Amino acid sequence: MFPFSFEWVWDMGHIVFHGGLWYALSILGMGMTYCIIKAVYDTVKSKDGGHGSGHH
Amino acid sequence: MDSALIPNGVKRCSIGQFAVWIAINGAILLWGVWALLLIYFKGLNQTNMTNAYGFALWIWADLAVIALGGGAFFTGLLRYIIGKDELKHIINYAVLIGFVCYSSALLILAIDVGQPLRAWFIFWHANVHSMLTEVAFCLTCYFGVLTIEYIPLILENRQLNRVPFFHHLAHNMHHIMALFAATGAFLSFFHQGSLGGVTGVLYGRPFGFRTGLLVWPWTFFLYTWSAAACGPCFTIFITRITEMATGKKLVKDNVIDLLAKIAGWMLATYMVAKIIDTWYWAAVTAPSMGFTLMDFYSNNPGSAYGIWILIAEILVCGVLPAVLLLMPSLRRNPSVLFAAVTLAVLGACLNRWVMVLQMQAAPVLSFEPWFTYFPSWQEVATTILPVAYGVILISLSYRYLPIFPQEPELNPIEGGK
Amino acid sequence: MKIDRRSFLAFVIGGAAGSTLSPLPWKLTDDISIWTQNWPWTPVPPRGERTFVTSTCTLCPGGCGISVCKVDDRVIKVEGLKGHPVNDGGICPLGLSAAQLLYSSTRVPGPLKKVAGGWQEVSWSSALGDIAFQLSELRAKAMPESVAWISESDRGTTAELCKRLLTVFGSPNYIRTPSLQDTLETALYLTQGQRAMAGFDLEQADFVLSFGAGLIEGWGSPGHMLRARSAMRAHGGRITHIDPRLSKTAAKADRWIPIQPGTEGALALGLAHVIIREGLFRKEFVDGRTAGFEAFKQLAGEGFAPEAVAKLTGIDAKTIVGLAQSFAGAKKPLAVCGRGSGRVPGGLQEALAVHYLNALVGSINRPGGVIAVPEPEYINWPEPEMDATASKGMQQPRLDGAGSSEAPLARYLLNRLPKALASASASPVQALFVSGANPVHGLAGTAAVAQAFRKIPLIVSLSPFMDETAAMAHYILPTHTSLERYEDVPSALGFPRPVLGLSKPAIKPLLNTKHAGDVVIELARALRSPVAGAFPWADYEGCLKQTLGGSWAALTKAGFVVDAKFSPSGFETASKKFEFKNSELAKLPAFAAAAAPGDERSFPLLLVPYDTLRLAVGAVGSPPFLMKTLEETVLQQDDVLVEINPSTAGGLGLVEGAAAMLSTPQGRARVRVHITDGIMPGLVAMPRGLGHTAHDKFLAGKGVNINDLIAPVEDPASGFEAGWGIRAKLAKA
Amino acid sequence: MDQHNGSNKKFGMVIDLDKCTGCGACMVACMAENNVPVREDETNKMLSLHWMRVYRLTNGKPFPQSEECFLPRPCQHCEGHHGHSPCVSVCPATATDYDMHTGIVSQIPTRCFGCRYCMAACPYHVRQFNWWDPVWPDGMERMLNPNVSVRMRGIVEKCSFCYHRYQIAKDKAYAEGRRELQEGEYQTACTQACPAGAILFGDLNNPKHAVARIAQPDPAREGKSRNPNAFRLLERLGTNPKIYYLSTREWVRKAGDTEVRKPEKA
Amino acid sequence: MENPKANITSTAAGQHEKKDGAGGPIILFFILGLAASLVVGWVFVPETFYYTKEQPIDFSHAVHNELVDNGCQSCHFFRADGSYSGSPRLAQCIECHQEANSDDPNEIRFVEEYVKKGREVPWLVYSRQPACVFFSHAAHVKMAAIDCVTCHGPIGESDSLRPYMKMDDCAECHAQAKVSAGSVQTQKDGCLVCHH
């Protein structure tokens, strides 16, 4: 049931393949996480800013 | 009625007209969905595939749309990494087209497998030495990249953008888009390549088999190269069609010209590589396996697999468009440009067709005949389905999202708002 | 607190997050995939104990030993019996498919009675009672001879029981279906004075000359012939095959010589001519052990010179001479005849000519030759007591004319029955039993056969399957299939030594069926005295056990017994020699090749049937496994492909796979063409065994029954069916 | 502690085409043994499931020089280079594998999800797809062999050299306290059924086995036979198959090679 | 990209936000959704979807094990061909249970329902492998000398049954023992070792 039961092998093929794959996935994941956190931060900040400035 | 959703500074057709357009395409889409359901419930016997033609129309369509969707990664690469700034005026559309192509490819792949409910085995029990595994992983990941690239476009919808979080999210994503684009280019390089590898590694199939570099057959590189060459051509092709359909100029000529020029160079270099590859294959690889070039081409008059197909792919749909795109005077003529990109697109499609279908049609055992195949309506319908879906998604995106930054400028609204 | 869109959204997002953290989606994904691996509609065979039952195959007269593989009470597969003298582990595709016949959906589940054109299930006692009543009426009307029985075999206890029933009832009309056996045993009888089976020691021969005999296409015992061919080749033996078509036997022969069909007998005489002329015959045999050689010398000498034969056969004279030289020059040459699988008896003269060829080279009753294998004599029942009605009935001439002055040599002439029925105003057959045969599909000129049968007021089929003849019957008394019953197998067709085999039930009968022997015994009982008195046995099994006596134990254990001491006996003719000429032979008309029926001008082509082991002919229809093995050049969807030479095709504007209309004087059928260089120009070849209207969907409606298109041809010398083809026309459809 | 029994075996076949009569017994034996379903219309051989298929080869010459030969084609169990047979390395889900201990190319139906890449990879068309649900005519499912699982629709299947018979034979040997099998204890269904004795099966690595003696594989040339009458199908592709064919006819041996192309039929 | 328009919309949205109030309820709803789905996933679905089946006859291994002479082999044995008999068939049971030997209602029911009617008992076997698995008892018990209890648990002494094994359980042991590491793909066991 788990890949580690049979088909998983710690060899160069797996290391290169999964290394590359997870490298790419981490960049995407971290990038998106950054964007979302930054967006939340920006949202809160701009809301506070809105209050402070009393604009509209 | 939906004017609140339509971007500022542009004019769109009436909602009624739009609804009719969507309905027509929706009907085609539903036809495809019907075929898809038939295939899911009754199985692949609904197709005309056979044990000789295990791969057929779908796999061709898959390879073709991915090649053509290559415009997204390559334009992204040019725009964000190489820094061809003008291309920012077409990158949105390139991403959208790429998104359509890749989502379609995934859909087709999901139909194509015999056991869709355990298709996830390809990820879970992956054999990393299989080109198809690489394709599946990179394709899915790159589809994620395209989604990431497409999301900010959606968020720029006039109404959505009012939500501060969405606004900021779009802004932040734009901000680090280069990072995503770079990752996308990396992933694309590999999956475009592995698609080429799919046939290239089949040493039991001398038509598709190629020698290569380490674990990668030459087709690995040729596919990436041809996607980079023909993908932008497809972007230009669809852009031109959109312009014709809307009756508006949407992208400035200098942008198109730049992309066309780059595509021309890519195509030209690709053709050089492709010709060398074909020659090497015909003169060295195939003979070493006991085949001559003409063994691979049916001698039957009127055959779908005659030598004409090689001539069409290399000369008519390869060298010719490359020349047309490289000559500034020619490519600046809109008709010639359109013809050139059309040929280049056809060339990529033809290449994928040959590598998938002719590879299986050509007998390897001396006592087997040429195999024939003609798709069933279910296959045709499910292959057209993504086209209808693409038209709908592009129409919706065009109507409600600021896809073409230059549109307001090129089409000022009289008495503008 | 207001529940608005955003709260809902938060709820959904929370739900999604929670789901991913619960086993639900993961377990579900896994479960769904496991479900696809165990779809309830994909059958799962139950496990159990594997056992093997040793038996003998009775699907054809080949007599191969089989080992039936079972798991608990299910028959899984039939395999060849290792160590069996006939087939030694090998097995033909039909024998392998026996389990499919056992579990066939076309099996008749229990006794059926035809009522108003439909089938009504009845009990055994009521069916047998009804039939017995009708038979009694015939006896009462003093016409017991109007009962006839058609069967594929006339040997073994079941056949003997049937014959015994007819005898004590008063009918001489037990009719065996036609086969090559008819001519071969007549040839043996005429020349050697023996009523014996012709065995062919292919294995030890070193030069086999086949006159169209489909040695590997069902001729003789297929399980044996295929093995023997390999064994023969292993010690350097060669096969020359004479056939207008590149049959499988031709393809696998060392040499293939195409011949104008119908002239095989002439070629045999031509070869004899050369052998005699050049003095190549075995003097020690011809001089010492034959009689009438001079007469034969004269016969072969006149008109059968190579040049004349060349003209007739289309084989050039040089080839004929060369062939005769190699044949006679071989150490152990053996000539065999009988086209295809030997379904059609063929001309007696032709069989004799080939037999003479063997005699010339001394290949009679010696290793590597033709061997007269005597009937085993284990059935020694007391002569039944017959009443006056029976005795009178038995003295009536046979309906098929066999043994009459017209056809004194024939024992059975089923081919004549349709004509006999058609010509009479009231059917001379008032009750017909058919067991282990399907004449409505298997006799040439099926339309006439069916029409004749329709005149018979009572047809009782003892078929396990709903075949074409059963479909025409008034009663079906379904019998057990080959894997459900005991049966003694007195010999293996064409096998050069006596082998007594026993077919043993591998499984209890699945349906409400009976053994044919039990049907006979119970019918006799229902007919009461004096008929019943001839059947003292409680049931068939008891009868068989008693009949086989001392062999029973060995037979149930090993499945067969062989007569280790067997050596072919001498000749039983008046001269105690092999007779090229005697009084009976002298009565035969002069040798003449049988022409194909039809007018050459309207029908420029010749349609010839061919046999393949991938199609069953005879009592059983091809099971699905066999149909699946048919080549794409034989069947395409429901269309049969006929083979034609490219030159024939070119003349007709036909391309590979094209649809065409094939017409003969007998009828027409839509076919497709397969263009091949493996057939003589001007010929059209079609497989036997297709075109069923009955049986299951795997077989019914596929292809054309060649018997619909060909006409019966009677051999003037014997009365046997001797047709080998018919004139035909092919046109683009 | 590798509990694998002794030396590596390389199961393979020698099929004598001079002996093969094209009777079809091997096909039927295979179907019966391996629960291969039958459909109403099996005339399109490229839609038909047949682990064993008998091809009819012709020499292409005109009447009466035309010759025919029958060629039974089970899975060739290619070894390729070091077990990388054409189909094995392409399977994305590890549903097919090459076993160094037996030389058998496996195909696990429950793992396969039907991408058919292996079918495209195999030049012999031994891999076939279950286009339909396996259905047996009413009642005939009773003759299914419990030692071979029935394959569901939507997956690829192929000849396994009757691997289950190896397992059964080993069970018997184990029961008798043996680890090694005698020659002949493990036979494929087609080998056993062939009435002409045209198929031999055994261990190509074991010089005592008939297959090794006849095939005489040359390890230095990827198993190419030293027997002048022996050939393997498409040897030049480097598939390194384990089915050796014997024929005394040159045109037959050539037909198995890639170099001779049959003139195309119109 | 940035343009005044965006600023305007953002402030407009900010205004909107204020009306709705703080994020508190949103988080509450999030937690509600999370909790609900966790309950569904961990408790509700397993309870409803998965069920336990009763054996047709309440059979006690413990009771039988005491009565027989030869331990497990009395009923579960190797056949001559090395295959394993598995659960006993009715024919075997009848050897002792031609008639009821006790007044145990289960035994009486067994005799009435199955023995007298000649029906096989449809035992539910936990250790039954799916159709695609070939499990050799001979290889494990005879060759590798593994005790029955290793896989089946002390089933002979109790009525509690060990849950059925999944492939991972087999794999664990096989990987450890390197049973037949001949696979080119994985350098471990080939699938064919167990599957067909």
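Order of writing sets the chain letters: A, B, C, D and E. Residues in each chain are counted from 1.
Please note the rule applied: contacts are C-beta pairs under 8 Å (C-beta built on N, C-alpha and C of every residue); 3 or more make two chains touch, one makes a residue touch a chain.
All of these numbers come straight from a predicted model, not from anything done at the bench.
Interface comparison, C-D versus A-B: the pair with the greater number of contacting C-beta pairs is C-D.
Closest to the middle of the protein, by Cα centroid, lies chain D. Chain centres here are C-alpha means, and the one lying farthest from chain B is C.
Taking the mean Cα position of each chain as its centre, C sits at the greatest distance from chain E. For the pair chain A and chain D, the distance between mean C-alpha positions equals 49 Å. Rounded to whole angstrom, the centroid-to-centroid distance between chain B and chain C, based on C-alpha atoms, equals 62 Å. Each chain gets a centre from the mean of its Cα atoms; for chain B and chain D, those two points are 40 Å apart.
In chain D, the residues that reach two or more other chains under the touch definition are 44, 48, 58, 89, 94-95, 110-111, 133, 146, 149-150, 152-154, 265-266.
Shared interface positions of chain A, defined as residues touching 2 or more other chains, are 1, 6-7, 46-47. In chain C, the positions touching at least two other chains are 36-37, 44-45, 47. Taken in their complex, chain D has these residues touching chain E: 1-4, 8, 82-84, 88-89, 94-95, 97-102, 104, 106, 108-111, 146-150, 160, 163-164, 167-168, 170-177, 179. For chain A in complex with chain B, the touching residues are 3, 7, 13-14, 17-18, 20-21, 24-25, 27-28, 31-32, 34-36, 38-40, 42-43, 46-47. Contact residues of chain B toward chain A in the complex are 124-129, 133-134, 137-138, 141, 144-145, 148, 164-166, 168-169, 171-173, 175-176, 179-180, 183, 186-187, 190.
Of all residues in chain C, those touching chain D in their complex are 36-37, 39, 41-48, 71, 74-80, 87, 89-93, 96-97, 99-100, 102-105, 216, 222-223, 226-227, 229-230, 233, 246, 248, 251-252, 256, 258, 613-614, 624-633, 635-638, 645-646, 655-656, 676-681, 696-698. Taken in their complex, chain E has these residues touching chain C: 20, 25-38, 40-42, 45-46, 79, 81, 83, 85-86, 130-132.
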